[in-house]
Amino acid sequence: MKVFLTAIILAFTGGALFVNLGSIPDSFLLSHTASRFYREAVVTETGALNTVSAILYDFRAFDSLGESTVIFATVSGIVLLLSRKTLPVSSAGLSLIVKRTFGILTPFVFLLSVYIILHGHLSPGGGFQGGVLLAVITIIFCIIYGSSFDLSRYPPQRKTLIETTGALLFLGVGIIGIALTGSFLGNPSAWRGVPGTLPSAGSIVPINLGVGLKVGAGLAIIFYSMIQKTLKRQ
Amino acid sequence: MIEMHLFISYALILLGCFFALSTTIGILRFPDLYTRIHAGAVALTMSALLITVGTAVYVWELFLSLKILLIGVFLLISNPMATHAIARVAYRHRIAIPVSRDLSSRQKFEEDNRHDSS
Amino acid sequence: MTLLEAFLLPLLLVIAILVVAFRDLLSSVITLSVFSTVLAIIYIIHQAPDVALAEVVIGSGLMTAVYIAVISKIRTYRQTHKRGEKE
Amino acid sequence: MILAAAVFLVILVFFSSWRLLRGPTIPDRLIAADTMGIFLAMVMLLTGVFYNARLMVDVVLVFTVLQFVDMLVFAKYYEHGELFK
């Protein structure tokens, strides 16, 4: 009886959702005012070709500041919960072949993440995606070389320093925006450059860099805190 | 000239699809973990490489083709490495026993494990 | 709906059912990474490369490692708990 | 032609998911997931080239890196029974 009732409710909800999805007209959405404004004004007002990045880091940059504050709060909570008084766990890694191969491949991954962060206003990507790729480097170190290698190369204090640098870079760009344009996180027109080239799009590039450093270091701290073992209480 | 490089790219992609088909048949029909790993390493890498080169020929711009070829080079390095790690784990921890007609490989497997555990 | 989408959406459904149906947590996580890949292809078909990149990076790269770390923590807690009960 | 190859690869992914369902051991499932992931990366590349190549290639490049790291994480977890011992 319960299964029958569940099946009926599921079928009803699925049918309603399907009908709703089918009744959305395609051309209606793009001709509306806000999306039309974004489509027309992105290149002239910000100088960025990537519309999503321009909306995230120029029109709604204050919102992105709030999101990076959320990441900061998450990192603080996890570090408080999983205590810092821990052992660097193991130096056991995978086999020698994998270690040698990643000696070649890890700089490539770093280069890829820097490319995605710095080309955030031209091609898909941006601060968040490139930052997660930076955090993947810590995962590679912990998995393949053992987490004591990661502790010796990038200790948690240095990761915290990188994360704070990213946040301060974001706030500093906002304050420079106050000085140059009169509003917080404003996009100064002197930095705008030619759209389509690498040094363009005003304050979007340093904001991307700050978000990338912040997200990468924060997620690396989260992963490194989660794989550690706590000391046994004697 | 343009039709020529389109023809070459279609031929390469078709060959890659053939290797992909053989990979799937191998994964589905082989009796043993290690033979399946063999199918997933060799034929899959060949298929991915052929499709990548075919796509790079299809696009036919310098930097875009080089970027697509970079994917192929990365797959050429990475896929055998991943299958190597998986096969090594499965062999060292005697998760799957090789199925074979002759007893010598089975005996070698047992001896390796005995030597490992002692 | 293109021809490719007509094949990809049932694949998405099948893989989602597999994720829920597995008893083993590790198999579920393995299947979940495939799920996020299929979702990224659907985003690419709908001309949203930014969302596809975010989906690939989070769903296939980061969440798998974090899930595995969490499963590892749960297993060790359970083993030590059992051992403590035995003693 | 490009789309036909992509559809063919998706059908092959359908068949490979049988091994994901019925693998006797975890490494079988890992091999099946690896195969499906690389097939899907090829589908991603082909559809991206079909629609707008200049934007979509980065996604495939990032995905191949992350797929590789994924497989190594699973292998490391399965080697020790936990992520670190």
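Going in written order, the chains are labelled A, B, C and D, and every chain counts its residues from 1.
One rule holds in what follows: a contact is a pair of C-beta atoms (placed from the backbone, for glycine too) under 8 Å apart; a residue touches a chain by one contact, two chains touch by 3 or more.
What you see is a predicted model; the values in this text were computed from it and never measured.
Visitor: Can you list every chain that touches chain A and also touches chain B?
Guide: D
Visitor: Is the C-beta contact count larger for A-C or for C-D?
Guide: C-D
Visitor: Taking the mean of the CA coordinates per chain, how far is chain A from chain C in Å?
Guide: 20
Visitor: Counting only Cα atoms for the centres, state how far chain B is from chain D in Å.
Guide: 12
Visitor: Using mean CA coordinates as chain centres, what's the chain B-chain C distance in Å?
Guide: 23
Visitor: Of all residues in chain D, which are in touch with two or more distinct other chains?
Guide: 26, 30, 41, 54-56, 58-59, 61-62, 65-67, 69, 72-76, 78-79, 83-84
Visitor: Could you list the positions in chain A whose residues touch two or more of the other chains?
Guide: Residue numbers touching two or more other chains: 94, 98, 116, 124-125, 129, 133, 136, 139, 143, 227, 229.
Visitor: Could you pull out the residues of chain C that touch at least 2 other chains?
Guide: 49, 52-53, 57, 61, 65, 69, 72, 76
Visitor: Could you run through all the chain pairs that touch each other?
Guide: Applying the touch rule to all chain pairs gives A-B, A-C, A-D, B-D, C-D.
Visitor: Which residues of chain A touch chain C once you look at their complex with the stated criterion?
Guide: Per the stated touch rule, the residues are 50, 52-53, 116, 124-126, 128-129, 132-133, 135-136, 139, 143, 219, 222-223, 226-227, 229.
Visitor: What residues of chain C sit close enough to touch chain A in their complex?
Guide: On the chain C side, the touching residues are 49-54, 57-58, 61-62, 65-66, 69-70, 72-73, 76.
Visitor: For the complex, which residues does chain C have touching chain D?
Guide: Listed in rising order, the residues are 2-4, 7-8, 11, 14-15, 18, 24, 26-27, 30-31, 33-34, 37-38, 40-41, 44-45, 47, 49, 52-53, 56-57, 60-61, 64-65, 68-69, 71-72, 75-76.
Visitor: Which stretch or stretches of chain A touch chain D in the complex?
Guide: Listed in rising order, the residues of chain A that touch chain D are 89-90, 92, 94, 98, 109, 112, 116, 123-125, 129, 133, 136, 139-140, 143-144, 146-147, 227, 229.
Visitor: Which stretch or stretches of chain D touch chain C in the complex?
Guide: 3, 6-7, 10-11, 13-14, 17, 20-21, 26, 29-30, 33, 36-37, 40-41, 43-44, 47-48, 51-52, 55-56, 58-59, 62-63, 65-67, 69-70, 73-74, 77-78, 81-84
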